[in-house]
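Below: the structure, in structure tokens.
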Amino acid sequence: MIPVLLILIPAVTGLLSFFIPGAKGAKVWALISAIATLVVALYGVCTHKAAVAGVDASWLPAMGARFTLSMDGMARMLCALTAVSFPLVFGATYKNEYDKPGSYYALMLLLQAGLMGVFLASDALLFYFFWELALIPAYFLCSQWGGEKRIAVTFKFFVYTFVGSLLMLLGIIYLHGKTADQSFALQAFYSVKLSLTEQIWLFWAFFIAFAIKMPVFPFHTWQPDAYEQSPTGVTMILSGVMVKMGLYAVIRWLLPVFPEAVAKFDHLVILLCVIGILYSSLIAIRQDDIKRLIAYSSIGHIGLMAAAIFANQQIGMQGVMVQMFNHGINVIGLWIVADAIEQQLGTRKFSQLGGLAQKAPGLAILLVVMAFANIALPLTNAFVGEFMMFNGLFRYNVWMAAVAGISIILAAVYTLGMVQKVFYGNTVAATEHATDSSFNVKLVLAILAVGIIILGVYPQPVIQLTNDTVQAVITKIH
Amino acid sequence: MSNLVFLVPLFPLLGFLINGLFRKSLSKPMIGVIGCGALLASFVVSAILFGNVAAANRLHPGQPIPATVLFDFINVSSFKIQFAFLADQLSCLFLLIITGIGFLIHLYSTSYMHEEPTEHYGRYFAYLNLFVFSMLLLVLGANYLVMFIGWEGVGLCSYLLIGFWFKNDNYNYAAKKAFVMNRIGDLGFLLAMFWLLAKLGTVDYNQVFAKTALLSKTDITAITLLFFVGAAGKSAQIPLYTWLPDAMAGPTPVSALIHAATMVTAGIYMIARSNVLYSLAECTQHVIAIIGLATALFAATIAIKQNDIKKVLAYSTVSQLGYMFLGLGVGAYTGAVFHVMTHAFFKALLFLGAGSVIHAMHHEQDIRNMGGLKKYLPKTHLTFLLGCLAIAGIPPFSGFFSKDEILAAAYAHSPIYWGIGVATAALTAFYMFRLYATTFLGNFRGTHDQQHHLHESPAAMTIPLMVLALLSVSGGFAGVPEVLGGDHQLHGWLSGVITSEKTHHLEHSTEYLLMGVSVALAVLASVFAISRYSKKPELQEATGLGKVLQNKWYIDELYDAVIVKPLLKLADVLKNVVEKSGIDGIVNGVGKFVHYSSRQLRLLQSGLVGSYILVIVLSIVVLFLVFWNQSIILQFVQKIF
Amino acid sequence: MPIQYYIALASCLFCIGIVGVLVRRNAIIIFMCIELMLNAVNLLLVAFSKMYHGGAALSNATTTAGVDGQLFVFFIMVVAAAEVSVGLAVIVMMYRNVHSVDVNFLNRLKN
Amino acid sequence: MNAIILSAIWGVVLMFCSVLIKNKGVYRHIAALGLLVILAGNIHETYHGSFFNIDTHEMLRFSRFGLFFNTILLAATLLYVLLSGRDVEKAGGYVAEYFTLIFFVLCGASILTSFNTLLMLFIGIEILSIPLYILTGSDKRNLRSNEAALKYFLMGAFSTGILLMGIALVYGGTGSFMLEVPRSAIMGGYKGVSFLEVTGLLFLLVAMSFKVSAAPFHFWTPDVYDGAPSVFTSFMATIVKAAAFAAFLKLFEARVGDTSAAVDWKLLLSIIIVSTLLIGNVTAVFQQSVKRMLAYSSIAQAGFMLFAVFSLNDVAKEGLLLYATAYSLATIGVFAVLIKMKDVTFEGFNGLARKNPVLAATTTICLLSLAGIPLTAGFFAKFSMLSAVIKTGTYTWLVVVAVLFAAVSAYYYFRVIQAMYFKEGDAQTEEVTGGFKVLLIAVAALVILFGVQPQALLNWFYF
Amino acid sequence: MGILQFLFWLLSAVALTGAIMVLASKNPVHSVLWLIVVFFAISGHYVLLNAQFLAVVNLIVYAGAIMVLFLFVIMLMNLNTVIETRKNLWMKAAGIISGGILFLIMISVVRSSADMVSRTAQLKEGSIGLIETLGKVLFTQYVVPFEISSVLFLSAMVGAVVIGKKD
């Protein structure tokens, strides 16, 4: 029942939200819905695994598709991430005013439903459904409430990811035809027998879809623009949760299904990821816009996660699990800061900012926590993940790990550069009359900061939660 | 006994939290009490621990001290790293140094930072406590990972404290530089850990050292070299030293605590801790010795021509750290640790003394504007002089013993090492007394306003000075070598941890000779410096080699030109060319191509029925031709693909 | 008569019709050429019908095999008549508006 | 049989109405009533047999597929009349006659879903086409309408010539007009298949491609769809096209399926499909008028539907049902809104969402369905087409091409959405009634229902 | 060569000449007249094939009704004097060439269809072309299409009203 609720609550409340007239009402409604989902999700995470039974119902018998939801460790973790993110995002942007708030929150909640579905679906067709369901609201949100160049930029984002998902769809159909009993079930996909040539083709079809979503170099160019132009609340979800769809999908739908093709191409993929890590880090150094900087930094982090996945080591995979959650909350924190600055000062350009620490010390301190989480300082959550991921990568190939490791230096360069340019130094025109952020922003950031530290000191819960998935995936491959 | 271990870092952490969270509501004295109290409490616990270890050592000599496991940090079925503390002899020694000196510096700070607004005052103590917390983690960790946590933690605090006055952009750059340079080293540390994990599956000291047999020669060399990269970053060795002089941007007590007494010695601690590994890696040892020696000499040459009181001390620190690495490189682990200890005393003393001077001079740091402070700041002067004597290696001050031990070991290894070491020692004596003479002797050269306000610092500052001076004078007696009739207590104390010390057997006569030469050179250099600079300090711009030295061999510029600028250029190229016109260009190009094809294709739709039908007829013809020749076509296609 | 002759003749007529459609611009003439094509088909169908009838009549004198071909021709004629009436109506309508029956005269719908 | 006869009768009824009833507003109600009757008759026939006991001598065969297809066509027409019936009155002065012609077209369409001989195919196609020539030219004063009618007529007649040549050759090769013919060994040429028949089938392929506007025989489509009054374009692009596809599939299933052992048609079909997808999708990108864009998009959609003809398996048949439903629903919905727009260029849609959110939202859902986004009927339509091709096991690259073009198609459909939602503007619409909006919402709801649970449609087909 | 063969060739020659003249004539009226010649030739063929009913219908419907309609329209529009504007020569050439290639293709179909070799169309004999036979089949077996084609005529009728009526 819990998986269904996780999808149903946001979906239904989202649809209803279209009809809520006032801004206040819509906000409260959305917040209540998000918190309700969070409660359910936390219950689902905390109860014993057996208590969270999956759901399996008939859907399209003629096509062999079933409405199958299941919650293994990874799904529970990502659902928790989704459930945690939304209240935080709603809380942090509570003071932001949106045109047509009912629709805004409706689409946000539908997006949440889509994301939940992606993480829960155990049926390929259902998975694809939710995959797109998550994309459409995001498209509308970005196009409607985004920045100046939003239409062109979001459209690029949409078409780009759409191409990818169509390729995946082809792969799904093909695999469907190859399964023993013409079904879309995950287990059927796992046990399907394919020749190497088939595996290679299908591998690339799926990989490109996921690579675009993550995004992995060189499929990433939609991402900085989209993050920059989207309303920050959406950007938070995009980068905090939605990119995890790609990583999740690789672990769930790619690695175990095409082990031979993975073995053949893992080197190439990891090479791409590593190039992407350095590439995006270098570019991030030269950014003049907070949002773009975070965007490129995110590409780097995701690249590392992708590399660790393909490195195919238990420890690395476990690190990815941890990091998926951690990156989610960290990057949301960074976006919140970026949004707080933009909302108050009307600019995101470093060249127009400076000295904010004097005016907004609370925000500054919280940003520093976020920033250090972003560069994976020990005792912040990201360290644990990166440590494990690098470990996995190192076991795979020493040089890849060493080269990718350079990114931790570059990350320090650009992150600290950002902190410095925004918060340190003397005040400038834009920040002359700045004040500290509102209570809700600081509250959310503080919650995040506490989470960051707690998970940095004691990551064991997340590790244990996702252990079963990692074990399953690893045994599937080897 | 082990139950107490967690208290040691806990107190500073609590101090950090209280001061950090309530910095606006607490009063300044309260902040000071909390900050210092946390350290004092830690110190007391450390002392108890020390006593416990000593007792255990007496009861079961040679028995390793068990680690205290707090909780599982990372536990994946095949792979387990615990959050564990190990308070053995080496750790306890460092604990005492850190908490002890840390307490003194906290105390000193209460007065030194008094002019700051309450909020920043609280922030300062919070950072300082956090630093101590991290440093304690570093030395208490029972495995490399916990050490690394502290390792990066001290880097973080260093960053925060260097950039404490964040309004000044130069300070911020210095802070960032320090952090990034440290990160370069940290990468080495990380890779070394990965290597250990990949090969041994553990980073626990005890297990790693027990399993060294499983490592190949290459493994050990690579691991130790990578660890050394980490150490070089943290302990400011060539080529990663340039951050430390810049780090003087922070408040002076910070420099004393972090950039002289504690954090920068982390590298030495780590290598001493891993002595089992290092003694198996011949090659690495050579590298360490050479780099240490080079750093020592190189930094000393720069120190000669610096005019900023803190810069001189900073380069001297780099130089002394080089000494310690020389010691490690030649296998004198105890000597290195010994030097860490003595250096902590006298360098903290010197820095705090400098702080006292700066405090008196209203944040004037250029020694050319000082002079004759002897009579204004008598206590400071005296303690500073003692510090200079200690660092110059004049017997019987502490520096002499530790430096001598390292030099002796270096001689045993190679006389050339010794030669350079002694030359460096002489340079050290020279620049220290140059500093002393220019600052305290001669006539006052500052403004009248400054002269008017000159006064001795308050007791909160002078008491630490005096305590440290005492330690600087007497600290050396912890390790009086056998040749001078001592029994080198430190050696005995550390024998449980440093198990692979290279023992060198020098004739007593040789040792006496070596001591004599070095002491003589040091004395000579000191005397020369005092005589040269007490009367007429060099105020004019340096030329020739002097200018090169003053500009630190232009290393910063070199780095800038060779590494930073090209990297930024590359980033620019990537951002503007590769990303924009390259990758994104292709993506957008696809869109543009579709658009273009659309414009062209729609011309087919000419609007004329005749041409439509013509196309239909032609298509029929083509379809016929394709249809009849499809086997050929398919074969052809198959050939292509 | 060998059926191939008929096929060739019908093809020839058919192609002449097509060429006519392609080379003329007068809507009426084009339409006439289309009628020519239909007639070619008619001829062909009748020829085929007689071919199949001839084949079947060898074994069964009273067979009506092949009658369907001729009936098809009948239906083609019927349909053609209907088509002509509508077609000419369209042409007349256009002529009323633009006073031309040139198919290229009206060329507003393109691209 | 019910559908054929009843729609012919109802056409005649409407003819008389034009004489007897002068109130133009009544016609569409009569038409809707008629459609209900025919629909009821057709459904009755599906489950219980025809009202009329007529021996068709195997010239018509009423299969479950054909009848179900009829149901879809009739339901779509009903929807069309309900949504756009009022706009028919604006197309010209002969409202009752227009409805008459629509019913005759439906008669032709029902023949096309049930023919069993090439003669009925021919007659069906003609009954389908001739009224359309007239409807296209119904706006007599409008030169665009004139031009469209002339072009449509000339090219339609030409394609009839091709069709007949094909039929003649097929007859020459097999001696029968029936869809299923006994094959004897004497047929030379391709093993067991007459050379003439194959040639004839090729002509038939061309003629049918013309009818379903597959490239490179599509040229009439954009011009005619653009020039005809929008309300009839909507009808042509949906019901008529679907009927043509039903005929195409039926014809090829029987004849080509029969010869495919000896002859490989797939290469030709794949060439046609690829060029259809290419021209339809790519050309649509640059259009300025939404109406013309929809014309090109209908070509593109035809490319997808051709997959059914390409793969000729059960999945394809079901897929075509789904596709016809999804496509008709969505297109009728979009056109219903388009007809209400004062300006049918993309700019004309700017800011519609603010002005009239219901229209914008329903149009969006329809466009998403056309683009094949999941959760809309269009997704399963495309999905089953793709899986039909993949099931055949060959020409897998074709689906990759199709998918890439589907992405291109998103571009132009989303341009409309962008115009409605994200661009500032002052979209002018005619008055829309509440009932219209309710119907539109119903259309959107159906699109989503079939998108979530296409089984709802297919179950009906099977039981 | 028997009389039948001779007639076949003669009628074929007439039909082809007429067909070519239809499109070669500048004056539309001439085209119509040539087309009538073609129809007569084809009717002659029908007679040869003993398809008398069709021969008659062809004359009545095509040569009679349809062509008169054409003539009527042409005359009505006064097109007999209109000289067609010169058509693009390139288009003309393309039209002729593509038509020619299509013809070649169809000829090669004839040549390569082995099953058609040595098959003949009955001349003179066979009774299926007689009105009696055709009528019987038409009103029994083919009654459905026959009735249905009434719909076609109805729509043509409506069309003529809708399109042709002046308003």
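A, B, C, D and E are the chain letters, set down in written order, and residue numbers restart from 1 in every chain.
Keep in mind that, in the parts below, contacts are C-beta pairs under 8 Å (C-beta built on N, C-alpha and C of every residue); 3 or more make two chains touch, one makes a residue touch a chain.
Note that this is a predicted model, so its numbers are computed, not measured.
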Set of chains whose contacts include both chain C and chain A: B, D
By mean Cα position, the chain sitting nearest the middle: A
More contacts between chains, A-D or B-C: A-D
Chain whose Cα centroid lies at the greatest distance from that of chain A: E
Reference chain D; chain at largest CA-centroid distance: B
Intercentroid distance (Cα basis), chain E paired with chain C, Å: 5
Averaged-CA centre spacing for the pair chain B and chain A, given as whole angstrom: 36
Distance from the mean Cα position of chain D to that of chain B, given in whole angstrom: 77
Chain A-chain E separation of Cα centroids, rounded to whole Å: 71
Contacts with two or more other chains, residues of chain A listed in rising order: 159
Multi-partner residues of chain D (each touching 2 or more other chains): 119, 123, 126, 130, 133-134, 137, 140, 149-151, 154, 158, 169, 172, 196, 222-223, 411
Sequence positions of chain B contacting 2 or more other chains: 591, 602, 605, 607, 609-610, 613-614, 617, 620, 624
All touching chain pairs, where touch follows the definition stated at the start: A-B, A-D, B-C, B-D, B-E, C-D, C-E, D-E
Sites on chain B touched by chain D in the complex: 591, 594-595, 597-599, 601-602, 604-605, 607, 609, 612-613, 615-616, 619-620, 623-624, 626-627, 630, 633-634
Chain B to chain E touching residues, read off their complex: 610-611, 614, 617-618, 620-621, 624
Chain E to chain D touching residues, read off their complex: 106, 109, 112-116, 141-142, 144-145, 148-149, 151-152, 154-156, 158-159, 161-163, 167
Contacting residues of chain C [partner chain E, same complex]: 1-9, 11-26, 28-29, 31-33, 35-36, 39, 42-43, 46-51, 53-55, 57, 64-68, 70-71, 73-75, 77-86, 88-93, 95-96, 101-102
List of chain D residues in touch with chain B within their complex: 150-151, 154-155, 158, 162, 202-203, 205-206, 210, 216-217, 219-220, 222-223, 264, 267-268, 271, 278-279, 282-287, 408, 411
